[in-house]
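Structures incoming, each one as structure tokens.
Two complexes come next, and they have one chain in common, subunit A, joined by subunit B in the first and subunit C in the second.
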Partner chain A sequence: MNSATERVLLAHGDGGLLTAKLVDEVFLKNLGGQAAGGLLDAAILDGRGRGGSRGGRRRLALTTDSFVVKPVFFPGGDIGSLAVHGTVNDLASVGACPLALSAAFILEEGLEVAVLQRVVASMGKAAARVGVPIVTGDTKVVEKGAADGLFINTTGLGEILPAADLSFGRLRPGDRVLVSGSVGDHGVAVLSQRKGLAFETPVISDSAPLFDLVRPLLERAPGVKFLRDPTRGGLATTLKEIAASAGEVDIVIEEDRIPVRPAVAGACEILGLDPLYLANEGKIIVVVEESGAAEALRILRGHPLGADAAEVGRVEAGRGDLWLVTSLGGTKRLDRLTGEQLPRIC
Partner chain B sequence: MNSATERVLLAHGDGGLLTAKLVDEVFLKNLGGQAAGGLLDAAILDGRGRGGSRGGRRRLALTTDSFVVKPVFFPGGDIGSLAVHGTVNDLASVGACPLALSAAFILEEGLEVAVLQRVVASMGKAAARVGVPIVTGDTKVVEKGAADGLFINTTGLGEILPAADLSFGRLRPGDRVLVSGSVGDHGVAVLSQRKGLAFETPVISDSAPLFDLVRPLLERAPGVKFLRDPTRGGLATTLKEIAASAGEVDIVIEEDRIPVRPAVAGACEILGLDPLYLANEGKIIVVVEESGAAEALRILRGHPLGADAAEVGRVEAGRGDLWLVTSLGGTKRLDRLTGEQLPRIC
Partner chain C sequence: MASIVRNFEADFDGAFRRADLAHAILSRLKKRLAPLGRPLRLMEVCGTHTVAISRSGLRSLLAPEVELVSGPGCPVCVTAQGEIDAMLDLAGRPGVTVATFGDMMRVPGSRGSLNDARAAGARVAVVYSAMDAVRMAAETPGEHVVFLGVGFETTAPGTALALEEAARSGIRNFYVYAAHKLVPPALEALLADKNLRLHGFVLPGHVSVVLGRRAYDLVAARGVAAVIGGFEPVDILLAVDRVAAMVMEGRAGVENAYSRAVSEEGNVAAREAISRCFAPADADWRGLGRIPASGLALRGHLSSHDAAGRFGILPAHVPDPPGCSCGAVLRGKMRPTDCALFGGRCCPESPVGPCMVSTEGACSAYYRFERGGEVRE
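And now, the complex of A and B:
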């Protein structure tokens, strides 16, 4: 990132390799001295205050996401509900119950107010379903051509459940890797809408709030060590990041065990996409110690959002790699998403 | 806002009358059932938790702002430092010490990485000066033409000083209205840069973090009742909002007492602008009871950012109006900013 002529590419935003490079070389380099543990999806704030009080013992979490999904409305959701779900799911991934959201809008001059109304109503409905108040907001308008319709930023403040003890550092060989349901639904739903494709079986985004699924898992399943929602970059990119961050482990997943809806698999064939790299907006990855895997799976499957949960792999001793055991029995190493497969998927 | 063909105008984002209408009719209508006290610039969160713990007694504040300023670099600052100052100043306006910031970037494909580097470095420097960590972030990239360079959202979590007791409801006839320095500097600095104008005396943005100015005021000046930073919409729009929200009071300000730098006044004449409606990014309005006004002014003037502080008016019994006593001795009623005087000023 030293060339004076280097420019931002779409792939810098796909959640894959170039995103990670940008975060490392631009953001962490300039902000990292202060950032606690790097720019995590959700930061965990200790309970100490600077403002005069002694503070409490609550562990708070803060997370931010901007949403630029195109088109704004897609099967199973819209940018408004997605902006709520995406942010509360980043909180759920660190075991945090959402306390409050902020909502900031960048609007393009000429946007139909009726579109904005519909999006904001959907946001309100999604937030009410989660039970989280949207407490503060901001609106900016830019000239026609200086944005594309509307962009939304939601930032979430959460309180980490006392039962949550989640960190990369707890991963050990033998741990099991679960996923709460089928992968690739959101990516295919948005892409097919964007391209005007209609499939025999419509593909609906899985956009949904995950805290109610996560809470019983943390409170009742023994040995849950790590959670993450596989959004941009998909299951493979997220698992690769987990393996790389945990240190001295690999993750091995089995193709045959990964739930993929037939309609998603079919659409991926037609579109030339890999469901393992497609965004999900209502799924959670769970790393749990071997002895707790069956109970964790039972709890997941007991919730409508986890009905198709599956154990898809395990943690092994290694060097931060992700391996896929294919349906044909071969083994291949998977890396983060590279290229610009899916801009503006969320 | 019922017409099916109504569209978003630039003036919906200028912080004036149409912004207020959009907030009322779209945001509060759809989100307001949940929003505590409306979509305030900074929301105050009570100490109760939902996550299982009893919580502490800390009063937290959450605020969000997106920054779309054009151009990205201007005399006295840039979008990066502005994004830090703007958000910590919204916290300061509710008497809150900043605890943590999030930073979310929307980048246009093709943006020079060197520009991003410079902006992020400036952000890091501004945050370090304030002593607030940027704990979490997000980056999205949109296609060339779908945004304009870069937009930044910063959301801030703060802790309200125990000494702060600030509310519209405390305003009473006789209270004094102070402003911490000259008005209009930021607006003129950005506009002159955008239009490529050079004045004999360059106008520099006042972009600066205000908590260090606010803290001694709250801790040592008696009778401070309300604070607000007059950003978009300027001094007049902000005072009109305060008067309208307080109920049964008017605010009366005197033109001759309002500090305006000669270079700003000159530029406003040339550009046909009113400094009372221009954005400020390093000024605070203080409403204080009469008996505390002299001490509050003394404290403000003791800080470099408040050296030009002045008492500019008073609260009177009334119906929510703002009045200006002009230099010629006449009195005129001022309303919120209307029209699209200054898009993308912050």
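And now, the complex of A and C:
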């Protein structure tokens, strides 16, 4: 990255290649830490909770996330509930039960208080549903034009379930890859409300808290090795990151097995988008050893948020690549999202 | 938009994606090609074909008997460096909002891309149609809205109707920067090259909906085999199979394997809209150079909506970036991997040449699918 001339682009925030580059070359370089590919959704504060619980070491997880979704209200959710779900889902991805959240607001001068009321009420409701208290916060107001309505940051502290043993390093050839339901719903729902693009669609965002889905999986399904929620960059970018971080494995997924709602597929056809690269806010990817896959799938499907769960692929020996076997039986390599997903012109 | 999405869901015919049909055609095709003894080299002219081929994994299924070469049919890829520089110039003018299809955002000019310009403070809005830009102009009367008219015969009618709407409604702050391109003159320029090592062409489906099959009679006169194809996997395979049959039987001509959308005459109303608003003009193509009568200039009665005239943008010929071999790649003379810049200085996140910019570009497709072997061992 040539920091003398380069500027931050919108694509630096899409969760794809440029985001990874920014994290590597600016944040990790200056703030320390491991390579970007190996970063988890939440930091694990191993052993720092000593003395906190009886009979052994407590493992805590810490994560933070900022929310800038546009528009603030979209079918199936809003920035307030999303700010709760996004952060508790990052905790759930490391197998952590949320203990407490913080909430910080950046408000643009001129924002209607009624809008703020509605967002914060939704936030409170979402936190109550999860059973996590919002224990501290902050408010800043910037002059008109310096922000777009409101932005929210939430930080979450969680306690990792004793049963959770999740790491990239555990992936082995033969493991199965599951996804807890249809992909691309959130991306299409938000896009359908964008100015200049508004279209009618029955699709609503899948924004939902995932810990209740994850807990029985970790406690009852044998051999769960890795979890991650495929948010920005979608299923493909997330799986590519998992494959690249895990070492000597490839992940091979099958197009026909990936659940995509017909309305999402239709909108993607029209707009030139790929559902595998669209954001999800209420889905979890599960990597589980072969012998545990059926039980894991049964547990997922037993929960309303996992009713459409499916086994979509497997781990094979390889070099960190993600492959898609298409409906036609062709094979192609998938990479991280490059640049924002944009409409085609011909 | 709403009705399009609904109709799509209701009417979509899955037959053209059926794997059993695709495999039946594939085996017929491969049997047909056995006597050839070497790969059948075809150019798919249209970028949307390139994407459909990549998306469905057809490239791996057709190998090794058929080698598909991506031609100059990605409108982003062929927009000249000088045109991009003019667009960047426009984006930097005070009081100007540039409205563009999203695909143009990443194309590098000699001083960065529209993405970079937006990051530096320029007003650049992504729109899905030229009419959105007209609406934007109507809603912001104090702002000059410049729509970047790029694309082939497919997008040019939309730009034409937007111009007529702006003229009719007296929306005087709407302008078009005209950089549209025409497909047949580019095909002719390709065919004039004696050293082109191709067996035949798969011709663009959408462009042909407007042009009609008959528009390619000039191509047929050159003695090549070409077939118009649709965009679903079975459509593409049918087109490839028909070119293969023509090549094996030694026939030349232009056939239509997309007759459910493409007629002999094409869409006359769309072509009339183009000719009401535009006159053919010489145009620079990235990688291919200047091609006579291959572009479109606004006609005189619309000159008050011509961004180039209004903002004093002079056409400038800017050479392609040094070292970039996109010209040879677009002519099918070089594989992307043989370019010295490929995968090093030129990659999808920091493209040098146009073929690496768009997901429809040949280099980008090679980068993603062929580096380290396309087919998994």
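What we mean here is this: the second predicted complex is superposed on the first by the 316 of 346 C-alpha atoms of A that agree within 3 Å, B and C clash if a C-alpha of one lies under 4 Å from a C-alpha of the other, contacts with A are read in each partner's own complex, and residues count from 1 in each chain.
We take it that contacts are C-beta pairs under 8 Å (C-beta built on N, C-alpha and C of every residue); 3 or more make two chains touch, one makes a residue touch a chain.
In this text the structure is predicted, and so the values were computed from the model without any measurement.
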Partner chain(s) touched by A:Leu10 [first = subunit B, second = subunit C, both, neither]: both
Chain touching more of subunit A, residue-wise (subunit B, subunit C): B
Contacts of A:Val325 with subunit B and subunit C, given as first, second, both or neither: second
Touching partner for A:Val113 - first (subunit B), second (subunit C), both, neither: first
Subunit B/subunit C common contact set on subunit A: 7-11, 343-344
Touching residues (chain side subunit B, partner subunit A) in the complex: 1, 3-14, 19, 22-23, 26-27, 30-31, 33-36, 39-43, 45, 47, 49-58, 60, 62-68, 70, 96-97, 99-100, 102-114, 116-117, 120-121, 123-124, 127-128, 131-143, 145-148, 151, 153, 155, 157-163, 343-344
Subunit C contact footprint on subunit A (complex, rising order): 7-11, 17-18, 21, 196-201, 250, 252, 262-263, 266-267, 269-271, 274, 319, 321, 323-335, 338-340, 342-346
Subunit C residues within the subunit A interface of the complex: 1-2, 4-6, 8-9, 12, 17, 19, 22-23, 46-48, 51, 54-61, 73-76, 101-106, 115-116, 118-120, 125-128, 132, 136, 150-152, 154-155, 206-207, 233, 348-349, 360, 368-369, 372, 374-376
